[in-house]
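Okay, got some structures for you below.
Both of the next two complexes hold chain A, though its partner changes from chain B to chain C.
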Partner chain A sequence: MTMPLVIENLNISFGQGAIEAVRDVSLELRPGEILALVGESGSGKSLTARSALKMFPEGAIVDGRINLTGENVLAASPKNLERIRGKAAAMVFQEPSTALNPVFTIGWQIGEGLRAHGMGDMRKRRARAIELLREVGIPDPETRVDYYPHQLSGGQKQRVVIAMALALRPAVIIADEPTTALDVTVQAGILNLLRRCRDEIGTSILIITHNLGVVAELADRVAVMYQGRIVEEASSAALFASPQAEYTRRLLAAVPRLGEGTPKEDATNREGLVLETNQLEITYPGRFGRTLVHAIRGVSFDIAAGEVLGLVGESGSGKSTIGRAVVGLSPVTGGAMRLFGTDLRHVKGERLRELRRRVGFIFQDPASSFNRFMTVFDCIAEPLRVHRALSSASAVKSRVLELLDQVQLPRDMSGRYPGELSGGQRQRVGLARALALNPEFIVADEPTSALDVSIQAKVLDLFKSLQKELGFAALFISHDLAVVEEISHRVGVLRHGELLELGSAREVMSTPHHDYTRLLINSVPVPDPAIQASKRADVQSMLSLGVPS
Partner chain B sequence: MFTYTLRRAGALIPVLLVVSIVVFSLGWLAPGDPARIVLGPEALEADVQKLRDSMGLNEPLWHRYLEWMSHAFRGDLGTSYFLNMPVSTAIGQHFGPTMQLAVLTIVYALVISVPLGTLAARWRGSAFDQGIAGFTLIGLTFPSFVLSLLLVIIFSVWLRWLPVAGYRDPFSDPWNGLRYLILPALSLGTIYAALITRTVRASVLDVLKSEYVDAARSRGVSENRLLFAHALRNAGLPIITMIGLSFASLLSGAVVAESIFNIPGIGSLLVNAIERRDYPVLQGVVLFLTIIYLGLNLLVDLLYGVIDPRVRLTDSVVK
Partner chain C sequence: MTELTQTILGRRGGAFSRAMQNPHLIVGLIIVGGMALAAVVLPPLMGLDSLAVDPLNRLKPPSVAHPFGTDNFGRDLAARILFGASTSLSLAALVTVLAASLGVAVGILASFSRLLDHVIMRICDGLMAIPALLFALALTATFGPNFSNLVIALVIVFVPGIARLVRARALALRSETFVEAAIAMGGSNLHVMARHIFPNVLSIVAVQVTFIFAETIVIEAALSFLGAGVPPPAASWGNILYDGKAAITKAPYMVLFASTAVVITVVGLTMIGDGLRDLVDPRMSAREAGGVRRFFRLVVPRSGKGDHQ
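Coming up: the complex of A and B.
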């Protein structure tokens, strides 16, 4: 039996061999198999997978053999490559909104793949596109075939990308982080669709992911990559039961698991309230006939001094809007939001500055929330200078160094630029900047979602220990239930701008009251194949029934 | 799309208002008495006063502005002091040649720049790309009046293929009309060809790096199809902006070429009006060119909507 995809001794390097991105990788994808390639960013997993279609970045030096359904890919002529691509193997990309061309309809784009492989008749292409859209579960495909990508939701866009991959019934689908950009409930649907591709069409799938939950949900076999090498290869069941490689063990240990967060004593009294919202409404005005956007509708909660409140929700739920409202970046249009007892609706100028001084903010993406032309030192010192908190330059200097110690960064890093740091280091700098003025309250908006799991675990540990030590209250916003559970005393669940549930972290996770919370919890893939298999039917039935509101 | 059009058009009104005020004040701010200029230095003071009255120069300024605007709305921009004809007629007569020259120039620039820029992006770093870089550098830096003279020497004096200068109406005499316009178009268009080539190359390169191009490639779409069917439309937005700006500046700024080649266009009308302090013509021409400029901007905005569906649909976001 010929293997759909065989990679032998693949080496990929850049800059005349200065950077070895992939080292001596050999892989085999069997017929009808789902193989997961797992690793952190920079491990070479995407490069390896893309090499199956000879899709290399510029300047890559490649050595090895790749056999795709009997064709030698690396030696193929450009004409042959065009024939192989899409037909022998097709790709599904991480970010569906960038994998689709914004200025053409999805029908046209699906048709382009068919056209390239000899389907000349425009009407036939269109009919096939509609058929494919129906296959991947796009409702009303006859209409949607003429939609532009921006008219579809993220999950629908990913379905369209999968439809394109399925168009020519390829032997192999290479899915590069196909659910990373999607919400958990959407992710569950997409993973199910990929499984159906294998079960019903018999496609072999190579899925690249950093999410071990996804692996447990989908994969038959797993290959773990670390620094360009495959460090472990095993069946999914064996890998989770008894990981062999040191790195795999560390990776598994770093994954935050639902229901395993240590119970936190609720030592806070509800006397000193840091933040109080009462029937909060945030509405963005519509301009020129655009409809109003009700981002937040009637949300009430409070945060006591020293308490961490986790807000969970999917994209568009309004969780970031609330975080931004606390520091006055979103307008409060109804109800009340009191920060340290002062209603934010009636505060301006100097008073607002004074309030802001007592609040620290950590942004989601450490890569874009720093000025690239300021050194780490200046980034951390900025709030001190803006608020004229310290009188002398030497005081500022010693404070910045102290902060660097607190976030466990070496002091000599202060002279570097944000672009020279890793993601985890940058987020530590973000934490230091938020802590600079000794805030009583910190708003953290998805602070770890741009980080790899092992880095995330370290940053979360740091956050927890600093919170304990310094005693600040926090509003912790995340889409990741496990992260929120691990870090918060209480958890709130948001959907469509409404707070569906609010309670202690344990309560919400173990006995959720609202169906949506249950769906959310069940949708999170757990890094354990046995549990995943038993949960699967549950989630699918909930998703297909639709969620009652 | 309709509300989008309306919104874009509405945004132009304040601009037009400000420009009209500035243009009108030009005549008032500039030194020299128009009545005195018309009659000459030897005229009697009483005659000058009389003319001032009949020209309305003794009215208060705001009154004159409103008068001028309300006439302008009806297409009446006043009468030239020297040409003995309404300003609008003068503009009409001179706009034809300028328009013909601008169209020919932009067509020449596009025919050169779009293929060259696209291919340079496709073969980036190659000898071809470097050759294009050299051409655009020379095209951008070489003064157009020097180029004009060189072209005249080569094509008119040595080869005797084309006339040295002058203008024939191409609608009544297409063959000769075109022959007269070729040299001015070449000398004017080279700089725009270079400019647009660079824009095309940069924006096509940008689009080629995007993931949807990679995604299409992974489905077996050929390189040529990727380039011309997929990437060029996305790259269109900056290119169209550049073309719009180029065309607008061609319509208003072909003064040098018009003087060298002796073409009776808007540029020469404007220069003559300035030299003779012919304020009605000056004001009329500037106002007219502003409207043309804004109109072209509006056209570019509308083309955005045609190319990019996201621009069109900002009013009705479909989820």
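Coming up: the complex of A and C.
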């Protein structure tokens, strides 16, 4: 039997060989196998996988041999290539909302591939599309086949993309970070679907991911890429049990694991409350007769001085809205939110500015949270200048340099522009900016979700040590349970704008009271194939029962 | 501190060298700069007088004494075109600077207040509904044709366009994270406008401004031609065209030379505008560290020093 996909000595470089993105990579995808390609951003994993369909960015110089179901892809004529794409191998993309065309129904889009490969009859195509939608677990496919992409949720859209990939029963599916844009509970469903594609249809799957939990959940074999090379290739069980390469070991060590967060002493007393909310309501006004949007309903919690409260929730749960409300970026419309004892509902102008001075905010995307016309120095100095906190320019300068030391960035970086820094460096600058005024309270809104795991680990370590050293209280918002557990003293779980559970990090993780919390915890893929296998049945039964509210 | 200044200079150098690789920008700058230089330097150097009448030598074709010939009053055409250049260019520069600063201020203010936004934008709509040339003509006809009235009229014509452009960009910028970050750290509106919105709208304004510069030259010529521009006997390209119209059969070179001057300058300015647009194109700028830029970094071999991680 021929191998579905064989890559031999693949080299991809750019700019007359100036940048070698992929170096001498050889891979083999066996029939009915799920092979994971793991690596951080820039490691060349996407380039390698896409080369199987001869999809290269412009200017790429490619060398090597790629055999897809016995055909040489790199030498294929354009006509052959059209046939190979979709028929021999299909692609599932990271962002389902951009992979679907918003102006056509999903049925039409599934049919498009069928027509391109010779299915002329429109009714047949429609019937096939319905069948495929049922296969990928879209409820009521007869109706949904006429839906437009915007009528579906993110997870459903990804299912449609997978249906499109399955349309021609390809021998190979290449999935490029198929669950990165999705919530954990949705991710669990998609991963299960991919496994079923393999089990029931016999498709071989090449999955690209940076998430080692996903690898443990799904993959039979793993190839780890680092700086364009494959540094380790092993069966999933062997890799997690005894990683050989130095890089793999570092990668595994960097993954925050649930239930392994060090117990944090609850030294904080409940006397000096920094933030206090009571039946907090936040609604966004509907426009032109549309109903109001209730982002937050009746949420009560408090944060004591020096305490870190983690807020966990999936997208749309309202966790960011709460964080933004603390600094007055979202309006408080009901209940009470008291920051340092002042009710944020009735505060304006100078007093609001005074409150903001005592709070630092760290944003999710370090790339867009800096003005590209300001140097790192100016970015960090901005809060000092806004509040005229320091009298002289030299005092500002020494404070900025001190902050750079605190976040472990070299001092000479102060003259650079944020656009010239890497993601991790930029988030350190964000941390320095938030700390500039010695705030008593910090709101961190998904500060590490845009970073690679190993960089995330470093930034989290830095945050933890600074918190211990400076003793500020913090509201730490994240979708990642493991990150929240590692950082926070107490954890709150949000869903649809309601606080389902609030307790010490240990308590919530080990003995969750609410079913949703349990589902959330179980959905997080753990980088250990053995645990993952035992958890699988549990999660699936919970998902199929539907989440109790 | 030395390191600091060096890295900043390095970056500036990067922008400069990118500008140097942009043929549109360079050719445009040479044309317009050459025109301006000639208008300033040549007349005193060659002892030219644009108003010296010589009735005996009317409508003479180009000769050694008068390289562009003479006009219907016997004035030296070369001198008049050079003086016309200084009139046209200084008028256009003044109009552009005033219109740009007013437009930027109005646009940014509008983006910060809903009420102000409605009022200002409706006024802009009204002003933009009237054709520019007609509006300027009406204003100068009412208040009398002289240099300052012309400036005022043209500024009023161009401000709404810039204000709209700036407002649209500023509104988009207001929802950017770095602006929210500035608000969250307690920055006042003025601070946000001056430090964050203003530098970020400058790039699009810079492009728009060169086109306004070119348009001002054309409209000035048209107004002068219609007698509503710079009043004679002062030289402007429009005045020369107007004089040349009457003598077009006897001395076609008058119209030819004057219109060539207009065309060359406008082409030069348009090239600057195109060049600037390439320079400020978001794909080339430092902010896009995402896919596009990474891609560009991969494809384009790095040359500048200030561009490394």
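Operating definition for what follows: the second predicted complex is superposed on the first by the 549 of 549 C-alpha atoms of A that agree within 3 Å, B and C clash if a C-alpha of one lies under 4 Å from a C-alpha of the other, contacts with A are read in each partner's own complex, and residues count from 1 in each chain.
Just so we're on the same page, contacts are C-beta pairs under 8 Å (C-beta built on N, C-alpha and C of every residue); 3 or more make two chains touch, one makes a residue touch a chain.
Since the structure is predicted, the reported quantities are computational estimates derived from the model, not experimental observations.
Model built by superposing both complexes on chain A: chain B and chain C fit together without a clash. Of the two partner chains placed by superposition, A:245 touches none, neither chain B nor chain C. Of the two partner chains, chain C is the only one that A:365 touches; chain B does not reach it. In the superposed model, A:151 lies in contact with chain B only, and not with chain C.
Between chain B and chain C, the partner in contact with more residues of chain A is C.
Once chain A of one complex is fitted onto chain A of the other, the partner contacts of A:336 are absent, as it touches neither chain B nor chain C.
Contacts of A:347 after superposition on the shared chain: neither chain B nor chain C is touched. Shared-chain residue A:231: touches no atom of chain B or chain C.
If you stand at the C-alpha centre of chain A, chain B and chain C are 30 degrees apart, rounded to the nearest 10. By the document's definition of touching, of the two partners only chain C reaches A:415; chain B does not. Once both structures are fitted on chain A, no C-alpha atom of chain B lies closer than 5 Å to one of chain C. Here chain A touches chain C in the complex through residues 14-16, 18-19, 21, 42, 57-59, 327-329, 352-354, 356-357, 359-361, 363-365, 367-375, 377, 382-383, 386-387, 412, 414-417, 419-422, 433, 437, going by the rule given at the top. The part of chain A that touches chain B in the complex is made up of residues 53, 55, 78, 81-87, 90-91, 93, 95, 98-104, 109, 112-113, 115-117, 147-148, 150-151, 153, 161, 164-165, 167, 288-290.
The part of chain C that touches chain A in the complex is made up of residues 3-8, 11, 176-178, 180-188, 191, 195-196, 199-200, 285-290, 293-295, 297-302, 306-309. On the chain B side of its complex with chain A, the touching residues are 3, 7, 210-223, 225, 229-230, 233-234, 307-310, 313-315, 317-319.
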